[in-house]
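In order of appearance the chains are A, B, C, D and E, and numbering begins at 1 in each one.
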Amino acid sequence: MKNLLNGYSRKAGLAPGTIVHIGDRKTERPKITLINYDQDSFEEKVAERIEDCFEQDRKGVTWINVDGIHQIDIIEKLGKHLELHPLVMEDILHTDQRPKIEDYESYIYLVLKMLRYDDIDNDIKAEQVSLVLGRDFVVSFQEVEGDTFNAVRKRLRTSKGRIRSMDASYLAYALMDSIVDNYFVVLERVSEIIETLEDELIQNPVSETLEDIHDLKKEIIYFRKSVWPLREVISGLERTGPPLIADTTQIYLKDIYDHTIRVAESIETYRDIITGVMDLYLSSISNKMNEVMKTLTIIATIFIPLTFVAGVYGMNFEYMPELEWKWGYPAVWIIMIMVSAAMVMYFRNKKWL
Amino acid sequence: MKNLLNGYSRKAGLAPGTIVHIGDRKTERPKITLINYDQDSFEEKVAERIEDCFEQDRKGVTWINVDGIHQIDIIEKLGKHLELHPLVMEDILHTDQRPKIEDYESYIYLVLKMLRYDDIDNDIKAEQVSLVLGRDFVVSFQEVEGDTFNAVRKRLRTSKGRIRSMDASYLAYALMDSIVDNYFVVLERVSEIIETLEDELIQNPVSETLEDIHDLKKEIIYFRKSVWPLREVISGLERTGPPLIADTTQIYLKDIYDHTIRVAESIETYRDIITGVMDLYLSSISNKMNEVMKTLTIIATIFIPLTFVAGVYGMNFEYMPELEWKWGYPAVWIIMIMVSAAMVMYFRNKKWL
Amino acid sequence: MKNLLNGYSRKAGLAPGTIVHIGDRKTERPKITLINYDQDSFEEKVAERIEDCFEQDRKGVTWINVDGIHQIDIIEKLGKHLELHPLVMEDILHTDQRPKIEDYESYIYLVLKMLRYDDIDNDIKAEQVSLVLGRDFVVSFQEVEGDTFNAVRKRLRTSKGRIRSMDASYLAYALMDSIVDNYFVVLERVSEIIETLEDELIQNPVSETLEDIHDLKKEIIYFRKSVWPLREVISGLERTGPPLIADTTQIYLKDIYDHTIRVAESIETYRDIITGVMDLYLSSISNKMNEVMKTLTIIATIFIPLTFVAGVYGMNFEYMPELEWKWGYPAVWIIMIMVSAAMVMYFRNKKWL
Amino acid sequence: MKNLLNGYSRKAGLAPGTIVHIGDRKTERPKITLINYDQDSFEEKVAERIEDCFEQDRKGVTWINVDGIHQIDIIEKLGKHLELHPLVMEDILHTDQRPKIEDYESYIYLVLKMLRYDDIDNDIKAEQVSLVLGRDFVVSFQEVEGDTFNAVRKRLRTSKGRIRSMDASYLAYALMDSIVDNYFVVLERVSEIIETLEDELIQNPVSETLEDIHDLKKEIIYFRKSVWPLREVISGLERTGPPLIADTTQIYLKDIYDHTIRVAESIETYRDIITGVMDLYLSSISNKMNEVMKTLTIIATIFIPLTFVAGVYGMNFEYMPELEWKWGYPAVWIIMIMVSAAMVMYFRNKKWL
Amino acid sequence: MKNLLNGYSRKAGLAPGTIVHIGDRKTERPKITLINYDQDSFEEKVAERIEDCFEQDRKGVTWINVDGIHQIDIIEKLGKHLELHPLVMEDILHTDQRPKIEDYESYIYLVLKMLRYDDIDNDIKAEQVSLVLGRDFVVSFQEVEGDTFNAVRKRLRTSKGRIRSMDASYLAYALMDSIVDNYFVVLERVSEIIETLEDELIQNPVSETLEDIHDLKKEIIYFRKSVWPLREVISGLERTGPPLIADTTQIYLKDIYDHTIRVAESIETYRDIITGVMDLYLSSISNKMNEVMKTLTIIATIFIPLTFVAGVYGMNFEYMPELEWKWGYPAVWIIMIMVSAAMVMYFRNKKWL
């Protein structure tokens, strides 16, 4: 639940645009990577200081990737260099934004959520990724160093695909695409968990299963919250059109939009299914209770009358003629057997046995 | 559940537009059929190699049907010949697209789902059908060889109906129509299954019925997911208008749109009904439990007091005057009969008997 | 359920526009009635053959009513005479269309559902009514001869109201109005059934009630499906405007639209109420179970301890001092009475008694 | 339920625009009040005959209020005088219209519902109010004489507020405002009933409470149905703009719109809360059942084993060594006490005690 | 519940625009604070009388804050001075408005809800804040003196951030921002309560928990009602555009809009989660009942047959051969042990043990 509100309340009372990092503080030093490329050249370096990225005479597309955003001065210097609006800088640092797109004419600011299913805590971990897309540059901010963008880096290095021949908006698309593709990995994990739960339910439902279902439901709600606004983000990006988004990139945005819809739809489907699983659990509990009750009822209704009969002939009245009959005892047994047989037949008839 | 995510996660990290076949790999060799017709002529042949389809001097409408898409080179050659966008080629091969329409000006790319109820696995199998509609050609891609398009082929051969006198957009419509018409077959199967389930429930609900309901629910969710986006596809096609869609075809698209709405509505209706069936199941379980409890209660409340009475006169006190009375034993019997009669009347009164 | 899918699957594979009658085949010969009127004249005749309706020199408004659509040649001839689109003819014959409106410029094609509550089968029977509205004619197709249009006929004959002075679009409106007004009769029947069910539930819920509720729910779902699309049909008709719809008719369409909304809203309300009735049923079952359990618990918890006490003094130990006490037996009775009194007080306290 | 369908079915078959009064027939003679005012003058009289209201030479705003609409000739004469459309006259008389607005250019026709919570029948009574707003007159039709408009009358008489200086549209607004303000009184009554129900539930839920909840739910559904369409009515009125609605009145319509939204939202809230109350009821029933079962289980599981032990030593075998032991009887007691103590500890451990 | 309807019904019958204070009457004297600032100067004073605020020769932005609105004459004088519409003055005093925005061209009137979680009453307290934004002034009305605006005051005094260099619309934004930021504090409190409830449920669900859930649900419904309309308010403010809203402020409004969406989404999420918690409660009750029943069933089904056996050999028939057997008694014990062992194995098999 904590990730739903991440420190917003801590910020109440501060001036808007105040640059404060809100989020888990990671201790490692931020890592700044600079990649500059065009169709023919490719240059990659790790910047010691953020100022190293500010040389003006570069051609082609520049991609500055910042892993770790807790060192405010780096963001501030970069923000001033790129003339970012104070609210953008605030949002980059405040790591629990809703996915959104903001068009500041000279650049576009994008917030996305990078998701990961944590098998140890059994929940979905989210990391905020901010992208600033300018005419010839993309700046990306990640909370920690991750490997999601590695595939893009590799394609740039090896010049595989069309990425090197495209402009900055295609790079931004490629980064978003790698984030969205990652959602499918999370989805698959969720799908597996649901299947495991279903199997458990059918085999042996225990009350822990219930809590697992409840937890999974909450994770799916959180997942949905991270993905749902993305649809607007991407269709907002599509609408932005020129000059920042190249025509050739537009068609790719449509593709990523389709993927987002697919993820959103699958989440809805899982919500429906998990509700069904809950129902299944509840009715399997009912079923078991029913069976328990039936067992009790059958045993009790057969033996209670018999016990009564036995009780009757255990009475100590002086004048009980049956007691002295020679065949009294066998007769009682016969009566008792007949009574139970009748009971059993009654239950058979009712399909309880 | 697997069909909800089909291999998307496997693709994470690949460059967009990478042509990889994702889906079940079928071992048969793809079969390429070429049909060329106009009002007067009709030519049909099975192409050995895809290049056989590339002759340029054909008149009329050309329909290339590819059954089996796992042989990437065929798709690649065809794609290059038709100048398809790399994303289109990726989507043709990646067999778990959402139904969609993409207008690339010189051609329209359509994805549909062909559905089939599999009576052995008791689920709905989906197959992706891609259609590429150009000015004078239609290319259709199916995952396996099927018989859904046979009716169209036959109408072309026999020149039955108006199909031979119409243009390529009408052919595309005819193919889509045969797919949508097929949904009704699946719907009917679903309808039968629901009726069977209802009958089972009323006659003898067992816990397996519950799992059947849950499975059917999931199938309907999946069905819905395949059909729902089709509405946008077809209305998107209607909007496209000239030049690719002939005016005469427009009116037929409206008809297919109506059918899609009907399918979608029926699916919604089945969702509602299946929810009702679930409720029916749960309350029939409650009902049965109630009856079980009543039986136990009636038997127990009648005999427990009687057993107590018998127990009292089974005590071994030396001074128990009743035991020595001559009519003690019959008196006890009379008391016991009266007590049970009172109980039975009480239950009658409460309508438990 | 059958009426949800009526033969669509039977048609899969046929060419679109193939004129096949799908629906229950009624054996009577179709009956064709021709009415021609203007403000001053009125002519009514039953046509032996459809050709009798094709005279060209009529003035005023012509209304051709066809009861029974299973004789395809009649529809075909009429269709050719009026130059109807093949899809329209297909839809007239295929009696499970969704209510819809199609504007073919020279005429408007309307599909409506005429509903009737069948008290014997306890379900809602639907009949498809097709209307073709041209500049100076209305053709109506009914599946069987019915009396819904009689009121319109009578108003035409007696020149009551403004119908004779209005044009064809007003006649079409009058026919639709009589169909929609009929929905209220069905609604009232549904309302009565719900009230009966509620009374049954409060007095004596049995498990048959549950099936009745489930059936009614399905009927309401089906009712809704027939009425819901009508809203679009009528607002579509309103939008069509001139030339086919006279300005004076427009205002009446608004009225019929209001009625449709009212029907649709009432159906929604009944859905809500029937859900409430279901809940009422379930909780009255729970309530009864609770009462059953209470009865059992009270009887058992009072007598089980007493039976134990009796059992103790029924033991045959040689050294049981109590057995030889003079007041042992009365003392046991006093103890037992006190125990039960305490129990009763405990239950009183808990408000179980 | 009756008020959901009020006589619509009775009208099926009549010509549209037929002037028939449908609704409860009240026996009192209709009362017609005529008020004429401008900033300086104010005239009020009770008209004996409707013709008394037809003098043409009045200045300022004229308000004709008709209490009781069952005398058709009055409505007919008034309708003819004001040149109302036959459908409007039909709607005035047919007292179960949906709230609506109809703009006939020279006048606007409004239907509203006046609501009242009837404490004797414990339901919401609705009365239809029709308003006809012309350039310089307002005609209002009520089913019975009521006091809702008294406040408006008083403000007119005493010239309190700005009403005397405004035009007819402001008068119409004032009448609507007094109706909408009245909804809050009904809402408050509903709120009180819900609170009473909640208190009852927490203290002592009985099955009558359930029926009360069900009835209240139906009342809220009906309330909602009366208020919901009002939003469209008022925003329709806002859109109408000049010439009939004065600019100065527009801003007041916004205010009444806000109130309507507030009522609609509160109704939704009550729906949510009443659903919650239902859940509360169901779970409090479950809770009570649970407690009942626990009591039974604790008593039974403690005494059943003890009774068994007593039963064992009540057996009449000749060779039962324990029976002859001197300390046999006390030993059995000790065993029995230990068994029950163990049981009690077990239940304590399980938190059942 | 009371806060849902706050005195609306009390007002029924009054003329619209009547200036009456509706809300809890607080006894303290209203406190009027006047702040006047521009980039270089800052002046703050507490006004004794409202007339002190009416000097005309001020430059820069003027902020008049009124804490306590129950003294009608103050509001009236201020309203006349600023030429506020009577409806605005009515709304300021009537403290249960829906959040809304009204554009009166020369000024904008805004209503917001300031929320606070009251830990003693365990509910959300709301206070109405009215803002009147003119070209160079902001007037804010609060029901009681609060500290929410202190942060804004401090920023003004210390000239921290950009607030002193901005215009009146930025000040209005800053005030709204401090209110919206405060919602996150309430959200966090709600989140904590839900977590506490979940923990309670898993450890030891008692029936009080149920009432807590029900109360929390109602609080969330109320919370939602206060926040939901805010979205329209702020987007309405964004649309207003020039002249009252400076371009530089627009971008900040977007930021506040994002926050509002986030709050609204979180509330929806909590609604979903609380529904899940309710389900969890109900099924944990079911689970416990199941366990109770199992215990009873196991004990009863083991001992009832044994007691029967003991009962049989407690009968006093004269001819019961077993009684005289030497090994009769041990044999009975063996039988009884075997029966119970069989029972235990049966339950093991069923996984009940």
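The rule is simple: contacts are C-beta pairs under 8 Å (C-beta built on N, C-alpha and C of every residue); 3 or more make two chains touch, one makes a residue touch a chain.
Molecules present, by chain and UniProt name: A, B, C, D, E = Magnesium transport protein CorA.
Quick caveat, the model's predicted, so the values are computed rather than measured.
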item: Angle of rotation relating subunit A to subunit E [CA atoms, steps of 5 degrees]; value: 70
item: Centre-to-centre distance between subunit E and subunit D (centres being mean Cα positions), rounded to whole Å; value: 26
item: Centroid distance [mean C-alpha coordinates] between subunit E and subunit B, Å; value: 42
item: Overlap residues in subunit D, where contacts from two or more other chains coincide; value: 282, 286, 289, 293, 296, 300, 304, 307, 311, 314-316, 320
item: Arrangement of touching chains [line / ring / star / complete / other]; value: ring
item: Chains in cyclic order, anchored at subunit D, direction fixed by subunit E; value: D, E, A, B, C
item: Subunit E partner contacts - residues on subunit A that touch it in the complex; value: 1-2, 4-5, 8-9, 11-18, 85-87, 97-98, 100, 102, 204, 207, 210-211, 214, 217-218, 221-222, 225, 278, 281-282, 285-286, 288-289, 291-293, 295-296, 299-300, 303-304, 306-307, 310-311, 313-316, 320, 322-324, 326, 328-329, 332
item: Touching residues (chain side subunit D, partner subunit E) in the complex; value: 150-151, 155, 160-163, 173-174, 177-178, 181-182, 184-185, 187-188, 191, 194-195, 202, 251-252, 254-255, 258-259, 261-262, 265-266, 269, 272-273, 276-277, 279-280, 282-284, 286-287, 289-290, 293-294, 296-297, 300-301, 304-305, 307-308, 311-312, 314-320, 350-352
